[in-house]
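Look at the two complexes coming up: chain A is in both, with chain B in one and chain C in the other.
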Partner chain A sequence: MADAVFLALSVITIGSAIAALELRSLIYGSIALMGTLGGIAGFFLLLDSPFVAMFQLAVYVGSIAVLILFTVMLVKRELIFKKVEDKRRKFVGIALMLVFMVALGSVIMDSGIKTITTDEPAVDFRNIGADFLTYYWPALILMALILAGSVTGALILARREDVENEQRTD
Partner chain B sequence: MSNELIDFVLVSVALLGIGIYGLSVKRNAIRMLFAVEIIINAANLNLVAFGRFLPHSGGQTLALFSIAIAAAEVAVGLSLIIVAYRMYQNIDIADFRSLKG
Partner chain C sequence: MSVIAPNFKFSEFVKSILDNVFWILLIFALIGLPAIQIILFYIEMPVIDGELLTPFLALTWLADPSRTLPILKAFMTTDLFKIAAFPGFGFAALLAAGTIFIERKMLAKLQLRVGPFYCGKIEGILQLMGDGLKLISKEIIIPAKADKPIFWAAPVIFVATAAAFVALIPVAPGWVVADVDVGLLAVFAIIGFFPIITILSAWSSNSKFPFIGGIRALHQMVSFEIPLILSLLGVVILTGTLNLSEIVASQSNFPWIIFLPIGAIIFFITILAELERIPFDLPEAESEIVAGWLTEFSGMIYGLVQLGTYLKLYAFAALFVVLFLGGWTGPMIWPPFPEEIITDGIVMGPITVKIPGLPIFSQEMLNGVVWFVIKTVGVIFFILLPRGVFPRIRIDMLLSLGWYKLIGLAFVNIFIALGLLYAGVLGPGGIL
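Up next, the complex of A and B:
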């Protein structure tokens, strides 16, 4: 049975996920998204994996959420508060969500996951470090290259060319 | 440990459902990115939960890789949104139908 901390964390996570999608202002929406990401970090702490939790806090709450917040601030003010959506489409979306949740939830409840429990100690984070540097080292290097390439690509994509041309004509 | 695996998996299913709702209903590009983030987090929660209960270190390792790749995806996605916003002065995806320069 779940304990009180788990219940509080799941209410925070799911509630702020709904708030992130439904709040009128995109700025409040991205702050609510921070709540979701922080709640997931709390779940990681409950699952005895503090290293992943700290990584989640540093990468998601620290950089991705702030990046989204800055991008929202670059957008025109009336677009931040504008909410265009089809009523019928919304009902269909909610129905799709409920059907999906009920179907997948009942499949999971019927499966053997219920009986899985463990008394073994959690995986030590030293093992993760050793895994990274021995078995997964090609993947680690590839990931570093992908990160560098995508950040460079993002910078090139977002560059303004008109500013450069103005300086040339002067 | 008082929490069981099924609790975490059910929270993950709920987050996945919310993400699918957001992707199918919202027309704002940034909100769709929120929905994608929520889905990725649901997947990471599943990875770490199964890694804890099996127990195996592969779950946490894959979750770390997934978080790092998601960071790259968000950087590229946000810069694409900025480019499209500069082109169309809007972030409604209904306006992005012709993405030619």
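Up next, the complex of A and C:
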């Protein structure tokens, strides 16, 4: 059962990832990207961590995909994208991806993942929170600093001089 | 009075019905029954209590009232019943239909109109059915150069997402479709799908007004999702769980609205914005952009979107009840099932009928459902009420309300919850 679900999820995730890259229509591409991100949420569900899966859905599908969709709808595609048919770049890209996949796969296979027993109960999210506040606190602080920095940067980028609008009378 | 069918004769009508019945019976006897026999010949029937379950036996059991109730009770524990009928879609759709009628009638009274009046003779109670029949019978018009797959899929996905939201709501103890540990997070994840569906359907119709409405809906929903999530964190901090059933069970003594009134108010305002109701109905502003992102929908597609909208309204009202008003908890007002019917059976003169399997529902469950429905209807009333009172606000006012005021207030609410927790008043190990 789990194997069938895993296979279906893999097909959905990888298939929609390829579709997201290759589709000509940007809207359909971003819908395919949503499929990829949702498929990853499905993998998290299979791995007995519904907490992470729900955050994956809420953050990636619910927010980031919406932002991508929003941006894509507001641009004129012809103005910013020019399709360059370059076979060599494509093959180099695929080769690079294969190298990365082999390297990552070998690292993951060596990390002892095969000896993990899979019938353990789902990880309690309270433990995740406790770990974050005790053992992994430097990571938490680092994340907080990065987030604060990016929010500040976004605010500075979004700041503008107040334009006087002649049409408004109030 | 207009004449719908001028050549209508009642005798002809009866004759046509009898004609149809005759042909249906004839075709069933000649083709249907042999087909069933052939199918039954190849199916292996199960053995129950040492008896082979023949079709005759199955029909006997179904017709026997002493066996019907246990079969019915067994059916009510299945997932199919839960999804389709009671805590799931059917129950929610019933409440949603009631909501539509009450809304129209109440708005009319508020604005000194009559409202639906003629359908069904008594205060227009059949208006909804008439509207439904009208929507089903109308043609579905798809705009030229519309993106057809998305245009067709969006209403269906909208209803499905609203139904998924409904499935997470616990109605009575143990009566919930999906009792997940991370229920509240699942709610957040599902809420995140609504803006995507809205903007995709708006874009796919290839028309100006829907697109403007869709962009407005996206702005509004995305900016009000953040205070919505933040306003619920107070409840999570105090209960220490994300499971909605456990959150309800934690309010057996007092509802959280007593301690977190600010969170409840923020959540209520964000509900209004997420549901696109007045005063936040900019995406459907009928005096500016026709009907917003619903402009190009017609026929049953429009009906599906409306169904989804009202299912969403029910789900949000129920979520408010679950999180802040104590869900199904309340004093016992449902009378207990009379004991003598279980022990002695129903005595009618010389005849005594013993019905095994009674009572169908426990007293706690019925009482919980009554309290849940009363509270939910109350919250729905308060969601409907601003429509008769407030004007529509500008979009810059909407966004500044969402981003500045509500998020700030949500943090105040979180600090109140943390203060109550660390002062040892509430929460795990608190004095209350």
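Annotations
Keep this in mind: the second predicted complex is superposed on the first by the 103 of 170 C-alpha atoms of A that agree within 3 Å, B and C clash if a C-alpha of one lies under 4 Å from a C-alpha of the other, contacts with A are read in each partner's own complex, and residues count from 1 in each chain.
Quick note on the criterion: a contact is a pair of C-beta atoms (placed from the backbone, for glycine too) under 8 Å apart; a residue touches a chain by one contact, two chains touch by 3 or more.
In this text the structure is predicted, and so the values were computed from the model without any measurement.
Of the two partner chains placed by the overlay, neither chain B nor chain C lies in contact with A:133.
Touch criterion met: A:73 reaches chain C, while chain B stays clear of it. Of the two partner chains, chain B is the only one touched by A:146; chain C is not. Using the contact criterion defined above for the overlaid structures, shared-chain residue A:97 touches chain B, although it does not reach chain C.
Legend: residue contacts after superposition of the two complexes on their common chain; A:62 is shown touching chain C, with no touch to chain B. Of the two partners, chain B and chain C, it is B that touches more residues of chain A. Of the two partner chains, chain C is the only one that A:54 touches; chain B does not reach it. In the superposition on chain A, contact is made by A:31 with chain C only, not with chain B. In the superposition on chain A, A:11 contacts neither chain B nor chain C. Common to the chain B and chain C contact sets on chain A are residues 51, 55, 63, 122, 125. Every residue of chain A that touches chain C in the complex is listed here, in rising order: 27, 31, 34, 50-51, 54-55, 57-58, 61-63, 65-66, 69-70, 73, 122, 125-126. Those residues of chain A lying in contact with chain B across their complex are 1-3, 6, 10, 13-14, 17-18, 20-21, 26, 29-30, 33, 36-37, 40, 43-44, 46-49, 51-52, 55-56, 59-60, 63-64, 67-68, 71-72, 74-76, 79, 83-85, 89-90, 92-94, 96-98, 100-101, 104-105, 108-109, 113-114, 116-123, 125, 127-128, 131-132, 136, 139, 143, 146-147, 150-151, 153-155, 157-158, 160. Remark: chain C residues 147, 150, 180-182, 185-186, 188-189, 191-193, 195-196, 199-200, 203, 215, 218, 222, 225, 240, 242 touch chain A in the complex.
Within the complex formed with chain A, the chain B residues making contact are 1-11, 13-22, 24-28, 30-31, 33-35, 37-38, 41, 44-45, 48-49, 51-58, 60-61, 63-65, 67-76, 78-83, 85-86, 89-92.
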